[in-house]
Amino acid sequence: MITIFALLVLPPIATVFAIWSSSARANQRVTLLAGIAHLLASLHCLVSQENPFPSGWWLAVDPLGGFFLTILSHTFVLVVLYSPSFLQRTQGAEYDHSKRLFYPALNFYLLANTLVLVVQQFAMLWVVLELTTFSLVPLIFFYRTKDSLEAVWKYLFLVSLGLVFVFVGVLFLGISARGVSDYTAFIVSRMTEAAPQLNPLWLKASFIFVLVGLSAKIGLAPMHPGDVDATSNAPAPVAALMAGSLRSTAVLVLLRFYQVVGRTDIQPFAQKLLIFAGLLSIAVSAIYIWRNRNYKRLLAYSSVEHLGIIALGVGIGGVALLGALLHLLFNSFGKAALFFMAGNIHRSYGSREIEAITDLQRRLPWSAFVWGLAFLYIVGTPPFGIFFSELFVLRGMIHAADWLSLSLFLALLMVIFIGMSRAMLRMLHAPSANSAPAVVDRERLNLSHALGFYAVAASVPLAIFQPPALFDSLHAILAAFGVKL
Amino acid sequence: MIALFAIGLALHGLNLALPALLRCSRRLTVVCNLVNAIALVCGLSFSLSALLAYQRTEYSFELPAAGQVVIGFDGLSLFFLFTFQLLSLAGSLYAVSYLRHYVERGLSVRGHLSFFTLLILSLQLVVVVQNALIFLVAWEIMALAAYFSIVFDRQKEEVRQGGFWYLVATHASMLFLVVSFLVLHESTGSWNFDDFAHHAGYDSKTLAIVLLTGFAGFGIKAGFMPFHVWLPNAHPAAPAHVSGLLSAINIKAGIYGIARLIMILPAQEASYGWGLLAVSLISAVLGVWYALAQHDIKRLLAYHSVENIGIIGLGLSIAWLGRCYALPELVVLGFAGALLHTLNHAIFKGLLFFGAGSVDLQAHGGNIEQMGGFARVIPLTAVGFLIGAISICGLPPFNGFVSEFIIYKSFFRGADLLHGYAPLVLLCAAVGLAFMGGLAVACFTKLYGIVFLGHNRAGVALRRQREPVSSSIVLLGLASFCAVVGIFPGTGLRLIRPVLGELAGTNQTSAQWASPIGQLQIVFLLFLALVVVIYAAKVWVQGRTVVRLGETWGCGYTAVTPRMQYTASGFAAELVQLGRPMLAFTVQWTPLQSILPLARAFHSRCNDRMENGWIFLNHGIGRLLGALRWIQSGNIRHYVLYVFAAVIFYLLCALVW
Amino acid sequence: MVRLSPDPLPWLTCALFFVAAPLLSGIINKVKAWLTGRVGPPVWQPYYELLRLARKETVYSTSAGFISRAAPVLVWCTVAFAVLLLPLGQPAAVSFPGDIILFAYLLALGRFFQILAALDVASSFEGMGASREARFAVFAEPIFFFTIGSLAIITRRYSLDTVFAEISWRDPLFFVFVSVGVLALFFLVSAECSRMPVDDPNTHLELTMIHEVMILDASGVDLALYQHAASLKLLLYSTLAALLLNPFGVFGPTVGLLVFVATLLALAVALAAIETLMARFRLVLVPQFLLFGTAIGILNILIFTFSRRP
Amino acid sequence: MINVLTILFCLTLIYLAVTTRLSAYVLILVLQGALVAGVHALAFFSDFSWSHLIVAAAVLLVRTLLIPAYIVKIIRQLDMGHGDRTRRYHPGFLVQMAGVVVGAFLISHQLSRFTPVNVIPFGAAVAGIAAGGLLIVRRRLLLAHVVGFLIIENGLFLLGIGVQAQMPWMIEVAGLLDLFVLVFLMGIAINQLKSHFPEADGAELTALQD
């Protein structure tokens, strides 16, 4: 019962409190409390793998849900810990209204995402996904500039349009389940049992619409522009939240549909679709990472790339599916660290242009160090987690002997590595233009660096020592997808 | 014994944290490098004693991600460990004096020293780990530590550019290796090299993929021809003690990899051997030809590393052919030549790079056209550099000759034992090696003559400088090591006997093939005795006549200026012209405008066709990706169009599949 | 494996060889004089040269360092040791399988120090000579390896001592091999020992010299050592060409010696004839000339690859 | 009777192609709201239950009254006038719209052979969705995009009825609430655009590009 309370009841209370109270310090404490409670509850669900909700409800926490809840709450807690230093440093009257809305929106975001992860009813998924978009609108529109307005508009419009397509997909799923179960019994578990009897034609159409609809929210290739604009124009903590947890929730919805499709004989078609979408996303991100002037857009495209890898992993199946899930977890770590440091750099230099960042190691020594580590992390160098998850995806590809997509994947990874290292190392090493750089107060070690370093370093033990707590639930998820390791 | 090695690694680990504790840079450079040196001495004593009293030992522990991780000390690993530790010791000692100049220039040394220590630590780990996954992890750490050590003097743009070349090359090699080891893991189910070796059922397709990606991955790191492009860019960028290590042992990790692949994988396909032979020959000949055309010391030495890697590749290809045709004698000879040349190259290339470093401190700029007469300024470095130059050309009394001699012997034995076209090809390879020897003599006489002999071309007064103690110890130590391995080849062979024993199965047969080379010392000692006797006779005869100094004979022209000396480009112009198809030789000069010409300038540049090829590829990718940048057009109506287009496209696919 | 011959006879023949070296160049000058209708210097002139130089004073340039003092000794010793490897009638003084490679690389060592000595005295003329020497040496090595190397591969013996023993005049293929080999070695002689087609030994225009200009600044005992080494190298290469005919193998030690000396004289006459009849090649053509020598060498091995005895 | 209402729905789509005036857009929205509510009420007339009545009333209330009124308020507040009259009228849009509607009905006819789907509502729904998309792609005005989106929503709602999907009433109401909040947020965004950045003429925003 406590877990239900922590998961579903505490966030709304925190939201109401945040709306009511006007002191930022109190709001931050309450949100942090709600976040930590949520994290403990989801860890409990993850480790014990038991469903706190009574059976038969529309809400239930299956192993897949437990894993994604952990990702959500972990990123949420990191962001909430980073936010006070961020809010404190954005002075100026025009931000007061956005600052006022900041914590309520964060709590509402937590509630909405938890609902998405917990609800089992397909039709209800559409409504709850809409809620997560609403919670993000005030957060993205924080700076109130013309660019952020345009970003909000595009994000809101494209994601809602995407969700319309998801609802069409749900309707087609209903058609394919005609005669097997009516809409009241539209629960994930029952649908997976009834999967073989579903009408394959409508199931294909349903999966197509759902994939296209969710791509807008996940950030997969054809529909990624709205998402990229929003992530690159949002403030640093919100961008970290979007890149880390929002995309994983959307991936969960895709996995729910894939769970149903995985049982039927149209699975090869669904896999081909996912592989195509994944490779297309990596290709598109390679195009824009190769030469980019704005380092926040660079990170946004890096998210598109990593989500492409995850879609590729899910598409390949087998060990690659385990790699995809791990990649989700490690991607949220890496993106949090990167966006926190991007926030520090943005505030100290005031510009998002890569050329403007000079003398980073003298002005912000600690941020430069974590920025370098995060660059190595996100590009997939071994000691860090992303390398091991990409290794699983590659193992899956080689097991499936899919040499074409393997060589394409590796070539694109190489292009992306060149683009990323050219930009990021330029920022790290570029000397100041004038010979005698102005003496500026060097940055002192603060919480953001600790958070960034923790996020990057935490993945190493997880990847190398593979703690049973995490990996048993992952194996349970794989069993749910019919994959035996 | 293993305790010594463990102590060494522990000291390195401690040394990683040292820069954070000690504040003052000057004391830090000395203390940090000395701790490294002590750690390496312990490591060296372990590896040397393990090599001499050899029995294969291994220690393993369990890691969930990588299964059973084995730290194995077999012949090959111990030999490479010994070489790496020896040169790291030389590098650390040299760094003690070399870094002082950077400290005076105000560069912060703390970050650099920790990365330098990490480089030494990871180099030792790479050759000792027998588990493929942990090998990849250590491989990448080594690559990154080397990158961050290279970009030490970050102010300059070409340093960053050189570092970037290096980083891209090592990442590409990493991707190839990942594929190679994953395919091996897929077919055997485990990560250990021994399981790869004992597994019998490789079908030809997987073997082809594993070998090609493995050779490509290790080839990029070793610097075989089409992939060598990062070497001449990374070496001038790095400070001398790092570029010395980079060229002496870092690229040898690639050689270790290829040697390991040759030992593990079942050799059925001889065509890979011939392929490796061809690539190595091309790398060797073109490497030295490009070196001849260079005017920057470090860039010249970097191209020379490509040549020596080519020579080592020749030995390895003979070893592979020996395995394919089941001729253990060829395998032993090939490996003996390759491994001994690895050791020799590590020693004299390290010596030459450290020499180039001390020359760089005098001349502040790598271009040898501005140098000259440094033998009188830094005599000890000059002697060391001379011995290094002689041994790199493979001339008799020194160690370069011994390993090339073994490789020649493997060619001729190969020509005896193999049939069909093999003798012809092997003879051509031998002639290629000789041709390359001639080019190397031309290249290093040019380098040594222009830099150390004659007057200084930039008109600098040549006063004798006080050479720092540590750098002269290192230089003369390495030079003496060249002499010892050269004159007494038995010592070098003693080090590689364990590897040969494993290869040929029984210890005594390998001795029977390789040992005759050990007796060469009688010949060399006889030669040295002859030289000493004749020199004494000459001095005695000269003693009875007058010996005086005079002006150099200028054919009657009295006002001879230093600029009239022969220049480096003049010395090599003819040979470089002959290599025109391979060497992109570009010349810019101001034509004669008026009768009384005022400023005249002549600038000739010889760059590398393959480097141009890679740069062209880079621009090609840039243009291609630039052409596709319309996706993010900023117009929401296009984005909505993408949504509908995607749905329609997928629905059509649904109908087809 | 390494065999230093126990009985003193080979060492004596080598000593005789050192003494006889200047005689060969004296004979060549004498024959050249006859062909051009002059009386010419006496055959013993080179010996008088050497004695005179040994007594004269030695002048070292101000910019010359240790290299200029050590180079003459090293140049002489490398050529001398190369002579020890040769089978003059009896088994060679020093021999071991693979001493072909030591032979080639010893000469390369000598060349290395000669070039350095030339660059040491900071004169542009000596630099020019050094660069030409370095350039032509690059093309000379392949000729040696193709001729002697291919012979080694065919006869499966890798010591100079035994590699010539197999050659028999009755076998027609060996006849082709020997003629081509001698021709190729002739190119080698002209390049290495500064004979006419490549370099004019008695020119006095510094710009055109190659080998003489490198020892321009040497004087006294150094010059004596250099000149004796040069004549020794000339004798060395001509003996190689002579040994290709395998006189000792076919006719036995005593008669073989006579045939051997006769071939040496024939070679000397041929060299002198060419020197009087031909002018010096343009420097640009010399690499082509040497590559032609290499091409013949390749022809050699092609013949034998396809007709090789198992 | 349902078919009559859905045919009327398609007529409103055709009319959409010919007008560019904002008041015409509002009229279309009101008409479509009413038609959809009518179709919903009639479709589930057979098994009469209170939940259907509540849903039908809610649909009528939100789609015909609340949303159009809000849009009128926005138009009046920002005095957008008569929309972008600058565009010359050219028949291309009408031809495309007609093509879309005909195509939609052909597709639904083909599909109805495999599965029990009543043709005309399904066809109208697909036509609605496609028409909304076409409007968004062809018009530059932001408000036109909002109207296009609402037409897609109406099409979606018709699709639900077309495939006889008796959604639990709670999901229907929640969907409507979401729709209203969405339009509300878009209204706020357009307000911000007009008030803070007057120079932007309400047309599309294209600053964020790479």
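Order as written gives the chain letters A, B, C and D; numbering starts at 1 within each chain.
We take it that a residue touches a chain if its C-beta (ideal position, glycine included) is under 8 Å from a C-beta of that chain, and two chains touch if they have at least 3 such contacts.
Remember, it's a predicted structure, so these values are computed and weren't measured experimentally.
> Which pair wins on C-beta contacts, A-B or B-D?
The greater number of contacts lies at A-B.
> Which chain's centre, taken as the mean of its Cα atoms, is farthest from the centre of subunit B?
D
> List the centre-to-centre spacing of subunit A and subunit C in whole Å, with centres computed as mean CA coordinates.
78
> Using mean CA coordinates as chain centres, what's the subunit A-subunit B distance in Å?
The computed centroid separation for subunit A versus subunit B comes out at 44 Å.
> Could you tell me the distance, in whole angstrom, between the mean C-alpha positions of subunit B and subunit D?
70
> With centres defined as the mean C-alpha position, give me the subunit C-subunit D separation in Å.
100
> Can you list the subunit C residues in contact with two or more other chains?
In subunit C, no residue touches at least two other chains, as defined above.
> Enumerate the residues of subunit A that touch no fewer than two other chains.
Where subunit A meets two or more other chains at a single residue, that happens at 153-154, 157, 161, 288.
> Can you list the subunit B residues in contact with two or more other chains?
Each of 629, 632, 636, 640, 643 in subunit B touches at least two other chains.
> Quick one: which chain pairs are touching?
All chain pairs meeting the touch criterion are A-B, A-D, B-C, B-D.
> For subunit C, which residues are in contact with subunit B within the complex?
Of all residues in subunit C, those touching subunit B are 1-2, 4, 54-67, 70, 72-74, 76-77, 80-81, 94, 96-99, 101-102, 104-106, 108-109, 111-112, 115-116, 118-128, 130-132, 134-135, 137-142, 144-146, 149-150, 152-153, 156, 158, 206, 216-217, 220-222, 225, 283, 287, 294, 301-302, 305, 308.
> Please output the residues of subunit A touching subunit B within their complex, sorted ascending.
Residue positions touching the partner: 153-154, 157-158, 161-162, 165, 204-205, 208-209, 211-212, 215-216, 222-223, 225-226, 228, 268-269, 272-273, 284, 286-288, 290-291, 376, 379, 381-383, 387-388, 391, 394-395, 398-399, 406, 410, 413-415, 417-418, 421-422, 425-426, 429, 431, 463-466, 471.
> Subunit C touches which residues of subunit B in the complex?
So the residues of subunit B in touch with subunit C come to 372-373, 375-376, 390, 393-397, 401, 404-405, 408-409, 412, 415-416, 421, 423-424, 427, 430-431, 434-435, 437-439, 441-442, 444-446, 448-450, 453-455, 516, 519-520, 522-523, 526-527, 530-531, 534-535, 538, 541-542, 545-555, 560, 562, 564-566, 570-575, 578.
> Give the list of subunit D residues in touch with subunit A in this complex.
114-117, 129, 142, 145, 149, 152-153, 156, 159-160, 163, 165-168, 171, 174-175, 178, 181-182, 185-186, 189, 192-193, 196-197, 200, 205, 207-208, 210
> Could you pull out which subunit A residues touch subunit D in their complex?
Checking each residue of subunit A against subunit D gives 121, 123-124, 126-127, 130-131, 134, 137, 141, 144, 146-147, 149-154, 156-157, 160-161, 164, 167-168, 171, 174-175, 178, 182-184, 199, 201-202, 229, 232-233, 288, 292, 297.
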